[in-house]
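Note that the chains take the letters A, B, C and D in the order they are written out, and that residue 1 is the start of every chain.
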Amino acid sequence: QNKARLLISCTDKPGIVAAISTFLHEHGANIVESNQYTTHPDEGTFFIRIEFAASDMKEKEETFQEGFKEIAAQFHMKWRLTFLYKLKNMAIFVSKELHCLRELLYEWESGGLMADIPLVISNHKEGKELVESFGIPFYHIPASKEIRHEVEEEQLKLLKEYDIDVIVLARYMQILTPHFVSTHPSKIINIHHSFLPAFIGANPHKRAHKRGVKLIGATCHYVTDDLDEGPIIEQDVIRVDHRNHIDDLKKKGRLIERTVLNRGVKWDLEDRVIVHQNKTIVL
Amino acid sequence: QNKARLLISCTDKPGIVAAISTFLHEHGANIVESNQYTTHPDEGTFFIRIEFAASDMKEKEETFQEGFKEIAAQFHMKWRLTFLYKLKNMAIFVSKELHCLRELLYEWESGGLMADIPLVISNHKEGKELVESFGIPFYHIPASKEIRHEVEEEQLKLLKEYDIDVIVLARYMQILTPHFVSTHPSKIINIHHSFLPAFIGANPHKRAHKRGVKLIGATCHYVTDDLDEGPIIEQDVIRVDHRNHIDDLKKKGRLIERTVLNRGVKWDLEDRVIVHQNKTIVL
Amino acid sequence: QNKARLLISCTDKPGIVAAISTFLHEHGANIVESNQYTTHPDEGTFFIRIEFAASDMKEKEETFQEGFKEIAAQFHMKWRLTFLYKLKNMAIFVSKELHCLRELLYEWESGGLMADIPLVISNHKEGKELVESFGIPFYHIPASKEIRHEVEEEQLKLLKEYDIDVIVLARYMQILTPHFVSTHPSKIINIHHSFLPAFIGANPHKRAHKRGVKLIGATCHYVTDDLDEGPIIEQDVIRVDHRNHIDDLKKKGRLIERTVLNRGVKWDLEDRVIVHQNKTIVL
Amino acid sequence: QNKARLLISCTDKPGIVAAISTFLHEHGANIVESNQYTTHPDEGTFFIRIEFAASDMKEKEETFQEGFKEIAAQFHMKWRLTFLYKLKNMAIFVSKELHCLRELLYEWESGGLMADIPLVISNHKEGKELVESFGIPFYHIPASKEIRHEVEEEQLKLLKEYDIDVIVLARYMQILTPHFVSTHPSKIINIHHSFLPAFIGANPHKRAHKRGVKLIGATCHYVTDDLDEGPIIEQDVIRVDHRNHIDDLKKKGRLIERTVLNRGVKWDLEDRVIVHQNKTIVL
C-alpha cells in the first residue's frame, strides 16, 4: 500500500503543522486523515497523527525518513514514521485461558489486525493446537518464579530472532521482570480482568463478587514496572447481577476482556496511541 | 390502587412459595408479578418480591398484615408488605450541586417516582428556589464538622415530624454519624461520583483524570458506617478521553450520576431491593 | 443434575401460582428461581418460568410430567417441562460467513450453551474444517432457489434422524419455505444483521451506510413465514462513524451479530423465552 | 476568548493542509485541535475542523476572514470561520412535552452549550413559566395546519429580529414548510423519538411496542423537506423489555431523547458537524 503514518509529540509552538504539511506536500504526499491535540494553548504538549498517501511510497521511504529528521530536530519531536507496506511483527504470550488469543487470531485472520504474528509463546500447552492450526509456530516455555530469569532470556532471544515490534499478553499469568519490560518500553500490551484501578492485582472477579458490584470490566494497558499501573489504552464494562456467582463473572468477563484487548491492540497497530505521562492519547 | 407488594427473605426450605401463594389466593389476591431467587438449592437464602392485586385492598390491609404474620413466623422471614395506595415519604438532602436533586424532582413530577416528597434539607441555600417552585418546603440547615451533632438532631427531628421512610443524599457533601445512620438502616441512599470501589473517598474525578481512565462512573448505594462501602444498588459508566480535563469529567459525570441515582431510588421505592450481606438483590 | 424447568402461559386467574407451587412442594421439589409476569391484572395473560430442584429427579420425571397434566388442564395452560439432565439437541445452519458459528462453538465448548450439537448443515464448504475440529459431523448440502424443495427434504430428514429440538441459523443465507418453518414453530432462531425493523431484507449494511446512521445493530428472532418479521428475542447495537465504509460496517457488525445471537440462543436453551402474539417474554 | 474555528470541505488535492496551516502560522495563530478526514485518497472530498488561538483575536477577525478568502477560492472550499467570543444565537421551538427543552436550558445554564438563547417559541403555553424562570422571552404562537403560513411568517420575523443562527426543535410537534426549511439550510436541528430509519413518522413508541423491539432509540438530525430523512447527527438507544407498556416506552424514551438532542446540539454549536450528501461528518 502507498500509505504511511506519522505519530508525533513535542512541546507546542506555532508553525508545527505548517512545517509538517509543507514537508509532506513538497515530497508529493497527500494527507488522508489527521488528528491533532494540544494539552494547552500556551506551552502545552502537541500531539499529531497523520496518515498520508504517495505514489511509489516504497521507493520514497528513505527520503521521507531522512528528510523528516530535520523538522523533527527543529521542534525537538518524539516521532515515529511507519509504512503500511511493512507489517509490524506481533508476538502473543498466553497461559491456559485461550479466549483472548482466539479472538486475536480470528480478528487477524479476517483482516482486522494489520500485523504479522510470527510466534506465540506460552507457559502451558493448551494453546498449541489452536495456534498451529493458523500456521503459526507455538513455543512452550514452562515458567515459574524460580526460573523467571532463564525463561525471560529464552523469550527475549526468540523476540529478537523474530524481530518483534509488539508483545501482547493475552491473559499471560506470569509477572515480567523490570529488565524484560525495559527491553520493550510502551510495546507490551496487557489485558487486566477488571475496571482498573478497581480490583488491581489478583482475583478481581472474586473481589468484585464479594463487593457486589453491578458491572465488571476489563482494562487494556501498556506494561510498566508497576503491576497494573501502566498507561490505559482502553476499558469497557458489562452488566452483572445478584444471580451471578464468581464463575459467571469469569464467563461474562471473557467477552469484555477479548473485546477490549482486541480494540487496544488494533489501535496500537494503527499507530493511534501515544504514551504521555502514564496516560495515553488515542488519536 | 388495589395493589400491594411483599418483599421477603429467609432461609430456604421447601414449601415457602406454596404457603405464600396459597395465603394470597385464599385472601382473594391475584399475583401480578413475582420474582424469586435462591442463593443455593440446599440451605441457601430465599428471596422473593411479589406484586399482587385485590379488590378493596384498602379495607383488607389489616387482614393481610395480620394474616401474613403467621406464615412469616413459621419460616422465620424478614419481610415487608407495602400498599401502593400509601405513598412512601421521601426526604432529599442536597448541598450546592443541584443536578441530582433536579433530576429527582422532574422524574417525580412526571410520575416516575412513586413517593411523596414532604421536604428537602440542605446545608446551602442554592436549591431553595428550585425546591419551592415544586411546592416543597426547603429547610436550610448549615452544617460543619464542629456542629455535626446539633445539625443531625435538627434533621432527625424533621424526619420524624414528616414521618420519612426514605432519605436520598443527592450529592449531600456532609458525612453522617453512625448514630444518624443507625436510625434509618438500609433507608439512606447515596450517590457516589465514581465506579466504586475505584476512587473511593474524596475527589474521584481528579484521581480518575490523573490515572487516565477511559470511562468514569457513578454508584448508587445504601449508606452504612463505612464510607462508600455500603451495599451497591446500581452503577453505570460514561466514556471519556484524553481531551477531557477534570472539569469535563465533572460535567460528563453529572449525567451519569443523576441517571444512576434516579434508577436506584426508583427501584427502592418500588420495593425491588433487598439488602443481604452488604450486597443487594434487585428483583 | 437434579433440576427441571417449567415454562407456562395461560389466561390469568387467581390461584395459579398456589396450584403450581403446592404441586411442586407435594412432590418434593424446591423452587430455586422463578419469574412471573401478567400482562394485565384483570383478564391478562399469565407467564411463569420456574426452575426447581428435587433429589432423584431422573426417577421422578414421569411423575412430574404426568402429575402436572391435571393442573395444566384445569387452567388451560400452554406449558413445557424440561429436565436439565437431558440436553437439548441443537442443529446449526451456516453459509460462508463463519463468525456466528465460531462464537456458538466456542461458547458451547466452554460450557456456556447447555445443549448437544449433533450436526452442522451448510450450503457451502467453508465451515467444514472448523466444525469437524470440534468432533461434530458437517453436512454439506448445496442449495439454491431451484432445488429448495429437495434441499429442505434432505435437511428435514437429518433433523429428524438427529432428533433436533432447536435450529440456529448462524448467518444461513437461504430462505426457508413455509413448509420447513411449520415443522419447527418457534424453534428456528435467526440472526439478522440490522436493528429490526430498520433495514429489513437484503444488504442492511449497504443501506445503513447510505442513510448515514450512527449505530448499527443485530436482531436475534424466531423465524416465521414473514421474512425478518418473527418475534424478537434480543437486539443490540454498536457505534459507527463517518469514517466507516460498508466493509467497516460489516466487520463491526460481526461482533454485535455473534454477541446477540449467542445471547438469544442461550436464553432459548435455558427455557427463558415464551412467544406471545409475535413478541417474546424473556423471563 | 482568543479562539476561532475553521470548518472546511472541498475536493481533495495535495497541499490543502499546508496552505491552511501556513496561512494560520503567518497570521500568528496556533492550532489547538484539528481533525481531518478525506473520503478517498484519490479525488475524494476533504473535510477539516481546526480550532486555533491567537492573541487579540477580536482585532484580527477581519484579517482572518478576508485573508482566508484567497485560499478558499484557490481550492474551491465551502468554509465557515467562527470566533468564540461571538456566541451563536439559538432559538428553541417546543410544544407540550418539556423534557428536551428543560435539558437544553439546564445544560446551557451550567455552561455546557456555548450559545445565547434569545427566545423560545411554542405553539402551547406549557413551557412559559420554565422558560421565563431562566430570563428568556417566551413567545406563544398557536399553530395548526390551516394557519401554517401565517404562523411561520410570525416565527421567521422573530428569528430575523433576534438574528438567529441555529433553530432547535425540542419536540416541536408541527411540520415545517419547505419555505421555512429553505430559509435555514442545515441550521434546524430536530429530535425524532425513534432509532431512524426504524419507525419513521408518527407514533414510533406505539409501533415499537407492537413490534416487540428490545431497544428503543432517538435520532438527532438536521431538518430537510423529507420528513425524518435529514442528515443524522447522533443516535442512541435504551433497553426495554416485555413488561414495558407504551407509556413506559415514552418515559424511557424521554431520557434518551434529551441526551441525544443535547449531544447533537452541543456538537453543532462547537462547529463539529459538516453535512455532506445527506450524511454528517462529525469532527
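Convention: a contact is a pair of C-beta atoms (placed from the backbone, for glycine too) under 8 Å apart; a residue touches a chain by one contact, two chains touch by 3 or more.
Note that the structure is predicted; figures quoted are calculated from it, not measured.
Graph distance from chain B to chain D, where chains that touch are one step apart, equals 1. Farthest from chain A in terms of Cα centroid separation is B.
Centre-to-centre separation between chain A and chain D, using Cα means, comes to 37 Å. Between the CA-based centres of chain C and chain D the separation comes to 42 Å, rounded to the whole angstrom. Within chain B, the positions touching two or more other chains are listed as 33, 37, 243.
Listing the residues of chain A that touch chain C in their complex gives 33, 99, 102, 106, 110-112, 133, 243, 251, 254-255, 259.
On chain C, the positions that touch chain B within their shared complex are 2-3, 12-18, 21-22, 24-25, 28-38, 41, 53. Looking at the complex, you find that chain A touches chain B at residues 37, 195-199, 211-215, 217, 231-237, 241-243, 278-282.
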